[in-house]
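Read through the structures below before going on.
You will see chain A twice below: alongside chain B first, and alongside chain C after that.
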Partner chain A sequence: MMAAARVMDAALELLDRQLIDCDDRLAGNVDDVEIVIPDRWPDGASGELPVVTALLSGPGVLAERFGGSLGRGWSALHRRLHPDGALISIPIGQVRDIGSAIRLGLRSDQLASNRMEVWFRDHVVGKIPGAGHAAE
Partner chain B sequence: MRLSELLDLDVVDENGTRAGHVHDVRLVQDGPVGAGFDAALRVQGLVIGRGAVGIRLGYGRTLNRGPWLIRVLLSARHDSKYVPWGRVRSIDEDGIVIAGSAADLEPPPVLPARGAPS
Partner chain C sequence: MKKLFAVTLGILTAIGGFVDIGDIVANAAVGARYRWALAWVVVVGIIGIVLFAEMAGRVAAVSGRAVFDLIRERLGPRFALANLIGSFFVNLLTLTAEIAGVALALELATDVNYLLWLPVCALAVWLVIWRVKFETLEDVFGLLGLAMMVIAVTVWRAGPDWGSIFHEASHPTLPPGEGLPTYFYYAIALFGAAMTPYEVFFFSSGAIEEHWTRSDLFVNRANVYIGFPLGGLLSLALMSAAALFLNPVGITVEHLGQVALPTTLVLGRTGLAVLLVGFFAATFGAALETALSSGYTVAQYFGWQWGKFVRPLQAARFHTVVLAAVIVGAIIGLSSVDPIKVTEYSLIFSAVALPLTYFPILVVANDVGYMGDKVNSRLTNALGTVYLVIVVVAAAAAIPLMFATKAGA
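This part shows the complex of A and B:
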């Protein structure tokens, strides 16, 4: 049976929301939303609506959203540290639920937003004597 | 295009009359639910206006609950309008042009509060 359409405001209900992966781990925040406008809009796309294709996350995305001199400076610094862009784009098909948090159908270690945490774990925390038995 | 590129853009009608700026982008999820959101979230329209604080906090857009004094104070200070996507004619970094007159715009349909019984 077809569920009733759900209506929501994107900035209010998506931006800055906590992302939670399929193992209930925190996976960053929604820093922006990617929207694709129909190619032939506005003349040849009568009735076609733009589609949300991805949730974007990561410090570089947040910097661009801030704008102004702070945002530009932050963004420039981020590009220098991450020449590849380090843009984290979560396809909307990986979203499982939108509520007070946004649940994903993938694991946080599959997201580039988790790279710094993984690097820190492997290169810093993992080198501390006894780190391998932290949970014991 | 990113959501942040739309937010705060000025909106003018085809006569050049300023209608406000973009407070939010209204989405409709009318595709399948439960198995992900493939091609399901679409842009239905824009919530625009001149007020900011109450709108940004969501007042006036949902069936609000909570302290009546806060509701009255914040809801009375906004003049938000709704632009159906079909009226949007162009978008660039200078702003958004809509078809028709800004005077024809209606307030945005009120959304049910999250968690409220439907």
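This part shows the complex of A and C:
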């Protein structure tokens, strides 16, 4: 038996939502959504519909969405810092739940946007005594 | 005991928000200058912050989302970034003033110049954030902040004519020689002080630090209905003490020492000692609140891991932002800017940022997708809408009035 389909407004219910990984860690926001549009849609004879294939997350993605001179400047800066241009694309199949946050089936350290977190962990916060202990 | 401690988040938020260094001085300055003619603004402010803090706490408990998440989800990344930049700037100014405020309280107690205390205070603020558990921090500073109640005792012991105070407060008239623009400038500063956005950033994030769920909605209400009116009561007490003792002899309040005069007169050295503990706790609590809020807002905008409920290593970017904010705040403070002036300006700027913060809260508190059956009641929505109008008017008038009155001169 199939559950009743839930109608969603992608702009309202996906964009800018918090991502949470499988260890309950906060893992970035949904900065954009990837949609694959079939050839010749909407007039095509194939009858296929556009499909949301991935959630995109990371400062580079956000910069593209900003547009304008701020977006371009931000984008350029981001490309200089990350010349490989890695944006993170989370396949829609990794999404476990869509609610007030979006739960993923993978760990945040598998995501490219986590690199900045790792940098600050290794170079700043990790150097301070007591960083690895829970507060008392 | 556990029940008693359950409301310390609200008390800390409210004492930090209502009676931080800026408000302590602003309330006393207003009392000395206008007596009770602006008391109504404090009442309007209390109702507003109770209304929106309750919504923010309820949304956090039911949906697990703190206020800056909602701001980005509902305003989109561009408007949310504008709010983030504005709020971060206001937060940093306030943090600067609070660190200086802690140092000023220590100067009053020790006669050692506050600039010498300032780096020590900044380090202490950061260490508490780095090492002390959220619950401990909120219990200690929430309860110590209650020492500020001595200001209410001062007013009580002075035995004023309550009937005539009530009459002055309910029939506000301008003192001779004062203009309306300046009166409204101070009204907006007091309103901004009561509703500063970092209160809801801190309160909602604190709810998540404490792992509130649906079953804590009662705790949320208790926090809001006890904490914020208590903060407002202290504001009114500061105003009244200044109106009773400083206004008749023509003292205009410019620094912290003058705020302590009425208590010293009425309750002597013991009263002063308790008041200094209160000053210390309130400003230190507000410094913690603003330093944490700078991390909360940035991390929530970008979706980073934040909070003291994980080890610092697991929230590296969050702790980096907090550390940077404390360092920058201390440096600005050491440049010997007048901390009182810094907060007075930050209150006006925060009035401008208010609509961008409170509008998304009201929208999400009505969203069934987040809230299920816990959406706003009709009464809450009616009041919320009225307050949004007030907030927009105050935001629009704040900057023009600041220029027109030369910042209340």
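Keep this in mind: the second predicted complex is superposed on the first by the 120 of 136 C-alpha atoms of A that agree within 3 Å, B and C clash if a C-alpha of one lies under 4 Å from a C-alpha of the other, contacts with A are read in each partner's own complex, and residues count from 1 in each chain.
The definition used in the following text is that a contact is a pair of C-beta atoms (placed from the backbone, for glycine too) under 8 Å apart; a residue touches a chain by one contact, two chains touch by 3 or more.
Given the structure is predicted, the values throughout are model-derived calculations rather than measurements.
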{"item": "Touching partner for A:A10 - first (chain B), second (chain C), both, neither", "value": "first"}
{"item": "Partner chain(s) touched by A:P42 [first = chain B, second = chain C, both, neither]", "value": "first"}
{"item": "Touched partner set for A:G105, first chain B, second chain C, both or neither", "value": "first"}
{"item": "Touched partner set for A:V33, first chain B, second chain C, both or neither", "value": "first"}
{"item": "Touching partner for A:R65 - first (chain B), second (chain C), both, neither", "value": "both"}
{"item": "Which of chain B and chain C A:P50 touches, first, second, both or neither", "value": "first"}
{"item": "Contacts of A:I88 with chain B and chain C, given as first, second, both or neither", "value": "neither"}
{"item": "First, second, both or neither for A:R96, with chain B first and chain C second", "value": "first"}
{"item": "Contact residues common to both interfaces of chain A (with chain B and with chain C)", "value": "13, 15, 65, 99-100"}
{"item": "Footprint of chain A on chain C - complex, ascending", "value": "63-65, 69, 72-73, 76-78, 80-81, 130-134, 136, 299, 302-306, 308, 310-314, 316-317, 319-320, 323, 369-370"}
{"item": "Touch list for chain A against partner chain C, complex", "value": "13, 15-19, 25-29, 31, 57, 59, 62, 65-66, 99-101, 108, 116-118, 120-121, 124-126, 128, 130-136"}
{"item": "For the chain B and chain A complex, residues of the former touching the latter", "value": "1-4, 6-7, 23-30, 33, 36-44, 47, 56, 58, 61, 85-86, 88-91, 109, 111, 114, 118"}
{"item": "Residues of chain A that touch chain B when the two form their complex", "value": "3-15, 32-37, 42, 47, 49-52, 56, 64-65, 92-96, 98-100, 105"}
